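One chain, chain A, appears in both complexes that follow, with chain B as partner in the first and chain C in the second.
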Partner chain A sequence: MNRGMGWSLIRFWTFLVYIFMFLPVAVVVLLSFNASEFGAFPMSGLSFRWFVELARNEAILRAFQTSMILGALTALISTTIGVLASLALIRYKVPGQNLISTILIAPILVPEVVLAVALLLFLNALSINKSFALLLAGHVIFTLPFVILVVQARLVSIRRDVEEAAMSLGASPIQTFFSITLPLLLPAVLAGGLFAFTISFDDITGTLFWKPGGVETVPTQIFAMLRNSISPEINALGTVMIALTVGLPLLGLAIARRMSANSGG
Partner chain B sequence: MTGPRGKAGTTLPLRKARDLSTVKLTDIEKRFGDYVAVHRMSLEMPEGGFVTLLGPSGCGKTTTLRMIAGLLDPTAGEIQIDGKRVNDVPIHKRNLGLVFQNYALFPHKTVADNIAFGLKYRGVGKSETAQKVKDALELVQLPHVAERYPRELSGGQQQRIALARSIVIEPDVLLLDEPLSALDANLREDMRVELKRIQERIGVTTVFVTHDQSEALAMSDQIVVMSAGRVEQMGAPQDVYNTPGSEFVARFLGASNIVEARCTARDETSIVLEAPDLGRIVIPADRGPQVNGTGPVKLVLRAEKLALSEDKPSDGVISHSARVETVDYQGQAARYFIRLGELQLQAINMIDTHPHGEGSEVSASFRPSDCTVLPA
Partner chain C sequence: MGVEAREARQPWILLSPALVAITLLLFVPLGFILVYSFWLRTATGADVAGFHLDNWAEALTDRFYRDILLNTLKIAAITTVVCAVAGYPAAYFIARSNRNKGFLLLLLMLPFWVSYIIRTMSWINILGVSGALNSLLLWMGLIDEPLAMLYNEATVILGLVHFLMPFMILNVFVSVDGIDQNLESAANSLGATRVQTFISVTLPLSLPGLAAGGLLCFVLAAGTYITPLVLGGPRDAMFANLVFEAIITQLNWPLGSALSLMLLAVLGALVLVYNHFLGMAQLMKGMG
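This part shows the complex of A and B:
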């Protein structure tokens, strides 16, 4: 087999893999605009009726609201803790630094199911009931590593002498943080926050374990609806989810890139 | 715009119009774990003076400067600015100007906002701030860059802005850590003159850190030569250069010949040496203040004080015939490596028309009063 042939085969396989991955997504998006009652081909016409239905469905609206609040709070708490943890780990000598760093990053490496069960068992042992706060805590633990990785990467590129210059000019450490460090860190903070939001919005495994009865997020709602039937509404909901979870990080990256260009790196 | 403007047309107070501060270090020491970066150092820096900490990399210059700045706590000893102990005063309350090797401008702020930064914390009003920023930009000869961002400026321009930012707050002391080291060689010499001009104009007490002896010699009122965390010598540039207080200083500053010799006699006025190949030399006593008895000593002779010539030497000099082994031609001057008996010496001489050729026989002469005698 010659080289040209080998490369053609690799290209062909790559192409197939991508088709395999993206075709179902494309089908969902396409079918969400289908006018017919049945979520299947052939499409009988182009329509937004499933999106309208979606907007009328109380359960879905409630789930959507829960997901938005959960995502926003997760992003807020995760970025706050993430920034503080990164500062402590990079700017100050904290005893047991490596251990803390490893523990904070570990949730990325542990399979999500394991993490979910572990947290649940831990709380059972403490006889704490499931609640929205617990769900939120789970999402924070789960998204924190991403925020820390993004923020730390940016923090090491902010020169210490810039902060020292600010202090020499009369800014207290806290004023220095808010007038120098945080603005320079902002692209990473925003990117980290958007990641956290997206991951939280998208999460199903952990959420299924942690959510209290009666509370549904968008993914768990879809999951519940799928047990009954495949309604075209789900296709529409899927399309909204795809738009959000793909669009937000892209938006975040664009903003971050723009801002770091402005602040000169 | 009207405001409190001095004769020179600037809101920045000039040398005569301000209180000048002193810096005093008493027995300060800095340890990092077991490693002693600065050993019990005591120094007094005069008000309005330009003091340079000079020494090879790693000798503790930055550590000393950072202790004065309040960025490091001394392990022991006392730091005074203007007679007041500042050990427990945090950096943002010390009212210092700090300039770093890498400029450390705020990348997300314009030049004007960079310079105005410190004024914000001093309750300076809006129009006064604008005027001070303008004056500071004029002082560093960059009046047109106010609205630019640091990344749009060259290295030399950025360093001028950093300087403007640190002096606009009228600091008690200006601290500079290798501020010229990141610049190109040509620019570095221009900036050296510029920096000195500005410092003289505003008269702020300045501590300058460098490993570059020519910067130190050109700019300083006082040079503090440091080695391995200790002060080797302190004095005016000419004194430190002409009368090195230790072998380290003699070797670190300029090019020196150091010859092992014996002191055979010493009295109020002179030191008598016996050196191999150079014979008996009688040196004025003030050239060897640290030598108090007879015995082994070191004779230091600067390379440019050793004159090579093809003619007979004049009176009052010691002269020996020598042979040129290597010539390092430098344009207006040349550095010669010569052999004088068993000794290998170097001489740096101005060139009249042609340098002495390699292998040529010359007479090498020096005045005893140009020598320095150090204890062995």
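This part shows the complex of A and C:
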């Protein structure tokens, strides 16, 4: 199809936009392998020394551990609550569905700073101080809408007649759920869980309000390190995070494809 | 209890954990800070309960807060316009490209997975005194001294555009992708030029996506406080920085409550206007 000059221009523009989105991130990865003492150009050779330094840095390792535990717990709670709510919205006719949907995504519509302030001050009034529990509650509440959106989108495509067949063959609702519905749901559950994990792992805005003194997650640790200057170590940490947060979802995507291919969907 | 009654109760059992969590951890706290914003924080750090308008008077009349609020809205507006103007052609290209659509979409999703703080600080590697651009210019002999390009309002906007561009492109893409291409062919066969077809058919039909992307960009940009801290100078504070200062640094929680609610009111009004004209469904499409 001949689409002319205009089309070529648009294609070139799109190319530039993608360069704009990816180049700075690529530079982070490139510089993390920089052998020189300073995290800057010109590069003096390739080296893994900053990754080794990273593995020896106690503060970063602690932050990593905190982020992993926080992300995993957030994903677990958020996905459980979110899948239940999504099931209700997709499988049942609920009166006031629009209002309920709006309430469920309200945490995204409220600016995160406001959400952070409100939760911090309210729980403080209930004598729940800055703590891991507050951090977890905050992360659950703002990942929940994303989980519900993702899971709902996947649920729509799951056919209901298989469940009905199981029920009509004498399976109880609970048997049906665990042997039919849950396996079919699994890709949606995994997708929601991964999404919640990455959002939690990445969060800094709310986390800075909620975290107790001395506790750092990976993003707040990077933020604190930036106060001094940008070091090759930060770039190395960035590369590890990119590998983790890009690699995990891609892996999840591949697994989900695999599973839906196996189940003949 | 009859089968029907149980059927009717089931969805509420499934929904209740989510609804209870959001009520207890979002709506009740928001109500709480509304009440709290009328309290007073004394110099000794004690709260005085009651109905005092002092915090609101300070938040609404102090020039300092007003100027920063206006500046924050200005930065958010510029960011949104740049995202729209730069992102629209890219979204259009993705929607209309036949072969690489899936690949381009996957690439577009990748930045969502790369940490926000990493993407923001990555610009220091590019624009810093010993960053890529200065090194390049020095090497080419165009400059003798590194230029100070970082830590101003322009780099704050740059960081925000970089962060929010995928949101805009994705929303416009969903809209353009949903347009029946027969409409464009029909306009063409009736003698409209490509430009005429775009202006009178494609662009109007893609406005809902553009509006959804615009709303997301504006609200997220106006609520940010990390980007100005990382890429801005000392004078580039945005409104959310004031909230953080009041709450975390000064520990003046009643004032911080009033400032938070001010931000919520301004951005909430925007969401309501959007909801009135376009409804929330469009916003869901882009995010799902």
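What we mean here is this: the second predicted complex is superposed on the first by the 237 of 265 C-alpha atoms of A that agree within 3 Å, B and C clash if a C-alpha of one lies under 4 Å from a C-alpha of the other, contacts with A are read in each partner's own complex, and residues count from 1 in each chain.
Just so it is clear, a residue touches a chain if its C-beta (ideal position, glycine included) is under 8 Å from a C-beta of that chain, and two chains touch if they have at least 3 such contacts.
Please read these numbers as outputs of a predicted model, since none were measured by experiment.
Set against each other, chain B and chain C touch different numbers of residues in chain A, with C touching more. Once chain A of one complex is fitted onto chain A of the other, the partner contacts of A:Glu58 are absent, as it touches neither chain B nor chain C. Listing the residues of chain B that touch chain A in their complex gives 69, 71, 90-98, 100, 102, 104-108, 117-118, 120-122, 149-151, 162, 165-166, 169.
Contact residues on chain A toward chain B in their complex (touch as defined above): 159, 161-162, 164-173, 175-176, 179-180, 183-184, 262-265. Residues of chain C that touch chain A in their complex: 7, 10-12, 14-15, 17-19, 21-22, 25-30, 32-33, 36, 86-87, 89-90, 92-94, 97, 104, 107, 110-111, 113-119, 121-126, 128, 130-132, 135-136, 139, 162, 165-166, 169, 194-195, 219, 222-226, 229-230, 240, 243-244, 247-248, 253, 256-257, 260-261, 263-264, 267-268, 271, 280, 284, 287-288. Listing the residues of chain A that touch chain C in their complex gives 4, 6, 10-11, 13-14, 17-18, 20-25, 27-28, 31, 38-42, 80-82, 84-85, 87-89, 91-92, 94, 98, 100-115, 117-123, 125, 137-138, 140-141, 144, 146, 148-150, 152-153, 198, 201-202, 204-205, 208-209, 218-219, 222-223, 226, 230, 234-235, 238, 241-242, 245-246, 249.
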